[in-house]
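Chains here go by letter, A, B, C, D, E and F, matching the order in which they are written, and residues are numbered from 1 within each.
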Amino acid sequence: MTFDPIVLFFLLGVVSGLVKSDLKIPAAIYEALSIYLLLAIGLKGGVELAKYPLLDLAGDAMIAVAAAMAIPLVGYPVLRFVGRMAQPDAASIAAHYGSVSVVTYSVAVAAIGQQAIDHDGYMAVFLALLEFPALLLGVVLARLGDATQNGKSGLASVDWGRLLHEVLAGKSIVLLIGGLIIGYVAGRMDAYAPMAPLFRDLFKGVLALFLLEMGLVAASRVAAFRTYGAFLVVFAVVMPVAAAAWGLVVAQWLGFTLGNAILLATLFASASYIAAPAAMRIAVPQANPALSIGASLGVTFPFNVFVGIPLYVWMAQRWIGH
Amino acid sequence: MTFDPIVLFFLLGVVSGLVKSDLKIPAAIYEALSIYLLLAIGLKGGVELAKYPLLDLAGDAMIAVAAAMAIPLVGYPVLRFVGRMAQPDAASIAAHYGSVSVVTYSVAVAAIGQQAIDHDGYMAVFLALLEFPALLLGVVLARLGDATQNGKSGLASVDWGRLLHEVLAGKSIVLLIGGLIIGYVAGRMDAYAPMAPLFRDLFKGVLALFLLEMGLVAASRVAAFRTYGAFLVVFAVVMPVAAAAWGLVVAQWLGFTLGNAILLATLFASASYIAAPAAMRIAVPQANPALSIGASLGVTFPFNVFVGIPLYVWMAQRWIGH
Amino acid sequence: MTFDPIVLFFLLGVVSGLVKSDLKIPAAIYEALSIYLLLAIGLKGGVELAKYPLLDLAGDAMIAVAAAMAIPLVGYPVLRFVGRMAQPDAASIAAHYGSVSVVTYSVAVAAIGQQAIDHDGYMAVFLALLEFPALLLGVVLARLGDATQNGKSGLASVDWGRLLHEVLAGKSIVLLIGGLIIGYVAGRMDAYAPMAPLFRDLFKGVLALFLLEMGLVAASRVAAFRTYGAFLVVFAVVMPVAAAAWGLVVAQWLGFTLGNAILLATLFASASYIAAPAAMRIAVPQANPALSIGASLGVTFPFNVFVGIPLYVWMAQRWIGH
Amino acid sequence: MTAKTFKLVTIYCEAVLESRVIEVFDRLGIVGYTVTECRGRGTHGVRSGNWRMSANVRIEVMCDVDTSDRLNEALMPYDRDYGLLVVRSDVEVLN
Amino acid sequence: MTAKTFKLVTIYCEAVLESRVIEVFDRLGIVGYTVTECRGRGTHGVRSGNWRMSANVRIEVMCDVDTSDRLNEALMPYDRDYGLLVVRSDVEVLN
Amino acid sequence: MTAKTFKLVTIYCEAVLESRVIEVFDRLGIVGYTVTECRGRGTHGVRSGNWRMSANVRIEVMCDVDTSDRLNEALMPYDRDYGLLVVRSDVEVLN
C-alpha cells in the first residue's frame, strides 16, 4: 500500500486550519478550482469516450447506477434504527453516501496512475451518472411515511420540479455532462490537443490546491466532531469500505479491468460534498447539515484518501487480479 | 466550413444560463481571465513584432484604422434613420461595432490554426489600434447637432479629457499595448520562453473558460432580445458581414496574406464588449446599454463565432486565394 | 549588467497606476497568486532538498539566520538616531528589512537563470527561515525601554503568544514550510513530475502577473513618498546594498557557490511585504504602516529589481568568482 | 427635497436561501433589492463563507411598512430550519 | 460616552459611477466613505454583478444633515440615466 | 408581530483588526455578528482593498443598548492606532 504525496496537501490544509493560520483560499478561487476539476474530468472522459462504442457503456452504466442505489437503501435504516437518528438526518446522510465525490475520484485516478495501473477515462461517465439518483432517493426517504402535514402526504408535498432542477441543473452535472459532450466532439475532431495544456497537464497541480482547501474546510469542522457521537464516526468509516466491496462485486460482474474496478469501488465508497449538501439543504431543510457534511467531509473523505483508496486497490488486486 | 470545438464552451454557457443552473464564474475570475487574454495576446504580438520591420506595419495600421472608421460612419445613419433609433443609442451601437472584440479575434485565430492557415502574431497590433478610435467617433456622433444644452453646443459639452482617459487608460489598451512592448523586448532578448507555458500554452484552455462565461452572460440577455425589435437583430447580423467584406477589400489592397486578411475581416466584423460598454456608459449615459450589449454580445458575438468566422474564411479563400 | 524582461511587468503596473487606469487585480486573485508563489517555491526547494544531506544545510542555515539579525540591529539605531524616527517606526522598518521578500527572491532566481548561473533550489529553506526571526526582533526593539505602561515593563506587555502565532502560523511560513515538506516527500518518491506543469512550468508567468500587481500597489503609494522625507528614501536604497554586501561576506565564509551567494545576498537585501506588514500592524500598532510599506515596497523593492540584483550579481562575480 | 419615509428590511441568511427570498419578493411585488455577500456567526454557528455551503448573504429592501410586514411574515417559515435574521429600520429615500 | 448624531447616506449605484460619486465627495469636502460590492435589482433591471457592466456598489457616508442634503443634490443629475438609489437614516457616531 | 427593539452597531475597521474585534465579542458574550469585506477612505487615508494590508471590513452586530455601550468601550483602545469607525442606530429585530 503506497500513497500519492498529493494527499499531503489535504494534511497541510488541516494543519493550517488547526493552528488557526491566516491562510485562506478565497471563495472565488474555490469556485474556480471546482469548475476546473469538473470540466477537466468531463473533457477527459469525453475524449476517451470518442474511442469506444457508446452503447456498450450504456448498459454497464445503468447496472452500476442501479447497484449504487443499494448504498442509501442500506445506509438509511442503519442510520435511522441503529444510530437512532432523526428521519431527515438519516435520509440526508444516506443521500450523501449514495452520491459521489469528484475529488476522491481524482485522488484515486492519481493513486493508480502512480502505481502504473491503467484505467479508462470514460469512467467519468459513471461519475456523472452516479451523482444525482441517490439525491432523489434521499428526498423520498426523508418524506416517506411523513406525518401528513397540512393534509398532504409527505411525498406529495415534495416540490419535485424544483428538486430535479436543483440537481440536474446544478453546476456539477452541467459541467461534467457538458465537458463529456465537448470532449467527445473534440476527441472525434482531434481538436483536444490545444486545450490539453490547461485541462490535462495542470490537473494534478490544481487537484493539490483543491485538496489544500478541503483540508482547511475539514479542519473548521473538527469542533463539530464531538457532537456527532461515536456512532456517526464509525458509520463514516465502515460504510465506505462496505460500499467499496459492493462496488468491486459489481465491477467483477461487469467484467471491468483492474483500474476501472478500483475507480468504481472508490465512487461507491465516496460521499458527495458539492451537489449533495446543496440539494439536501433545499429539499430536506430539517436535516442538520453539520451532521452530513461533518461525516462526509470530516471523516469519510480523509479516510478514503489516506486509508480507503490504498485498501480498495489492495482488495481489487486480490479479487479482480491484474 | 469547419468549426473549432472550443466554441461549444459558449453554447455550454448559454445552455447553463437558460436552464438557470447555479453555475457562475465569480467576478474576480472573469476579471482575471480577461487580464490574461489581453496580456497574452499583447505578448504574443510583441514577440512576433520583434521579428518584423516596425515601420512597414505602421503604414498598414494607419490605413486599416482609417478604413475601420467607415463602420460606425455607415452604421450610425442606418441605425438612426432606417432603424429610427434615438441618437444616443444609434451612436453608442455604432461605436460598439466600430471597435473590436478580443475574444472574437481569439476564436478566429483558433479557427484558422485548426485549418492550418498561417497568420502573423503582429495582427494583435491592429487589435490594439482598432479598439478606441471608433469609441471617440461614437461620442462625436452622439453629441453632433445636440440641441445646445445649457448654452453649450453638444460637442463642447463633451468632457474630452475624461473620455480620452477612460479609453486610453482603460485596462484593455493598457494590457494590450503593455503586453506588446514587453513581448517586443522579451522577443529581442530571446527571453519569452520561460513565460510561454503560461501565456502561450494555456491560451486556448483559458479562452474556453472565457467563452463559457460569455455564454452565461449572453443567456442572461436573452430576455431583452424581444424588446430590441427585429431591426436590431437584423442589423447585428448584416453589419458584421458587410464589415468583414469591407475588411477583406482593405486587406487585399494592403496585400495581406490569407490568414492576416481573415483576421482583419474578423476584427472589422466584431463588436466590442469590454472597452465600448464601459466608455459609452460614461460618455453617452443617455444610451440604453441593454440595446448595445444585447446586440453585440447577444447576437453578433455568437453569430461571428458560429457562422461569421467560417464564412469570412470562405470569403477570404475565394477573394484572396491561398 | 543585463536584466530579465519580467521586471517590465512591474513597470507596467506602476504606469497603469500612475495613469489611473481601471486595471485592477482582484483581491482574490492577488491572494491566489501569493499562495501559488509561496507553495511553488517551497515545493521546488523541497524536491531539491531530497537530493542533499539535510544536516549540512542546518548548520549553514543557522549561521545565515544569525548573521541576518545584524540587519535590523544595525538598521534600528540608524533609523532611530540618524533618521530621528519614533521608536515604533524605527523598529517596524528595521523588522521589514531584516525579513525577506519572496518576489525579490524569485526575480533574482529568474535573473541568474537568464545568465545561466546555477543555484540550488534548497535556497528556499533560507527564504523560509529568514522570514520571521527579524519580526520578533523588531517587536523587542519596539518595546525595549518602553516607559512602563500600566505598571508593566514594555517587553512584559508584549503578547508573545499571539505574536509567535501571528508569525509562525502566518500563511507565508505555513505554505513555505508545508511546500518544503511535501516537495521533499514527493522528491524522495519521484512523484513531483505530475505537479510540475503547474508549480514549476508556470512559475515565471505567474511571477509576471504578481509583479504587475505589485507595480499597481507601489503606484498607489507614490503619493506617500514625499512625506517620508529624503532620509527614508536614502535608507531604502543604501540599506539593501549594505545588507547584500554583508550577505556576500557570509556566503563566502560558508563557501557558497556563485548562484547561492547571489541569492543569499538578495535575501539579505530584500525587505518583506507579506509577513512583516501584517505582523507589525498587530504587534507594533503605533508604527505607521505607510512608512514601512512605502519604504520596502515603494523604494527598496523596485530598487532591488532594477538596480540591486544586477549589482549583487556583479559584486558576487567579483568576490566569489565563477 | 421630497424625501419619502420607507422601511429598510435587512435579511441575513444562508446563501442557498437567496433564490427563495427573491421568489418571495416576486410574489409580493417587490421590485428593488440589493444583495451583498457576507459571513458571520449566529445561533446556527460560524458561517465562514469560504465555500458555498457556509456562505451568507445580506439582502436589503426599501419598502413601505405594510410590505415589510408581509415580507417578514412570508419569510418566517424559513426561520425554523435555516440561519435567518430579519431586521427593520427607518430610512428616507432621497430620489 | 459622547455620541454625535449624524446622517448615514447610502448610495446604491452602477459600479461605473463610483469614480464620479467620489469626485462629488471631493468637491463637497467629504473625506470618509465606505464602498461594498453588491448586486441587485431595481427599475433598471437585474444587475447580477458577474461582469463589470452589471456590477453595483453600495457607498456609505456618515455626515451631517447639511452635507447629506448637498450630497443628494449633487447626485441627482445622475439619477435620470443611471441606476441609482440614495437613502438616508440616523446614526450615532460613537468614536 | 413581536418586534424587539435593538441597537445595530456597525464597526468599520482594518481587516487585520477583525480577529481582535471577534475576541471582544467573545469576551462580552456577543454571539451573532455579520462581516462584509469593504474598502473606503477615512482619516487614515484610502484603503483600496486590493491587498490584505489595505483591506477593510464592516462588522454588524445587533444587540441591546447596554451591550452596545460596553462594546464601544472595549473597542476604543484600538481607535488611536487603527483605522476604526463605530456607529450605532436603532433597529427592530423581526424574528
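The working rule: contacts are C-beta pairs under 8 Å (C-beta built on N, C-alpha and C of every residue); 3 or more make two chains touch, one makes a residue touch a chain.
In UniProt terms the chains read A, B, C = Na+-dependent bicarbonate transporter superfamily protein; D, E, F = Membrane-associated protein.
Model, not experiment: these values are computed from the prediction.
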Intersection of contact partners for chain D (Membrane-associated protein) and chain F (Membrane-associated protein): E
Fewest hops from chain A to chain F (Membrane-associated protein) - one hop per pair of touching chains: 2
Of all other chains, the one whose Cα centre sits farthest from chain D (Membrane-associated protein): C
Fraction-based call for chain C against chain B, same above half, different below: different
Most distant chain from chain E (Membrane-associated protein) by Cα centroid: A
Computed distance of Cα centres, chain F (Membrane-associated protein) from chain B, in Å: 45
Computed distance of Cα centres, chain E (Membrane-associated protein) from chain B, in Å: 33
Chain centre separation (chain A, chain B; CA means) in Å: 41
For chain A, residues contacting two or more additional chains: 24-29, 31, 197, 202, 278
Two or more partner chains touched - positions in chain D (Membrane-associated protein): 36-37, 89-90
Interchain contacts (touch definition) - all pairs: A-B, A-C, A-D, B-C, B-E, C-F, D-E, D-F, E-F
Contact set on chain A toward chain D (Membrane-associated protein) in their complex: 24-27, 30-31, 213, 216-217, 220, 277-278, 281-282, 285-286, 289-290, 293
For the chain F (Membrane-associated protein) and chain D (Membrane-associated protein) complex, residues of the former touching the latter: 1, 3, 6, 8, 31-37, 62, 89-95
Of chain D (Membrane-associated protein), residues touching chain A in the complex: 14, 16, 37, 45-46, 48-55, 78, 81-82
Complex contact set, residues of chain B against chain A: 4-6, 8-9, 12, 15-16, 19-29, 110, 113-114, 197, 201-202, 204-206, 208-209
Residue numbers on chain B that touch chain C, as the complex places them: 26-29, 31-32, 35, 39, 165, 168-171, 174-175, 178, 181-182, 185-186, 189, 191, 194-199, 202, 278
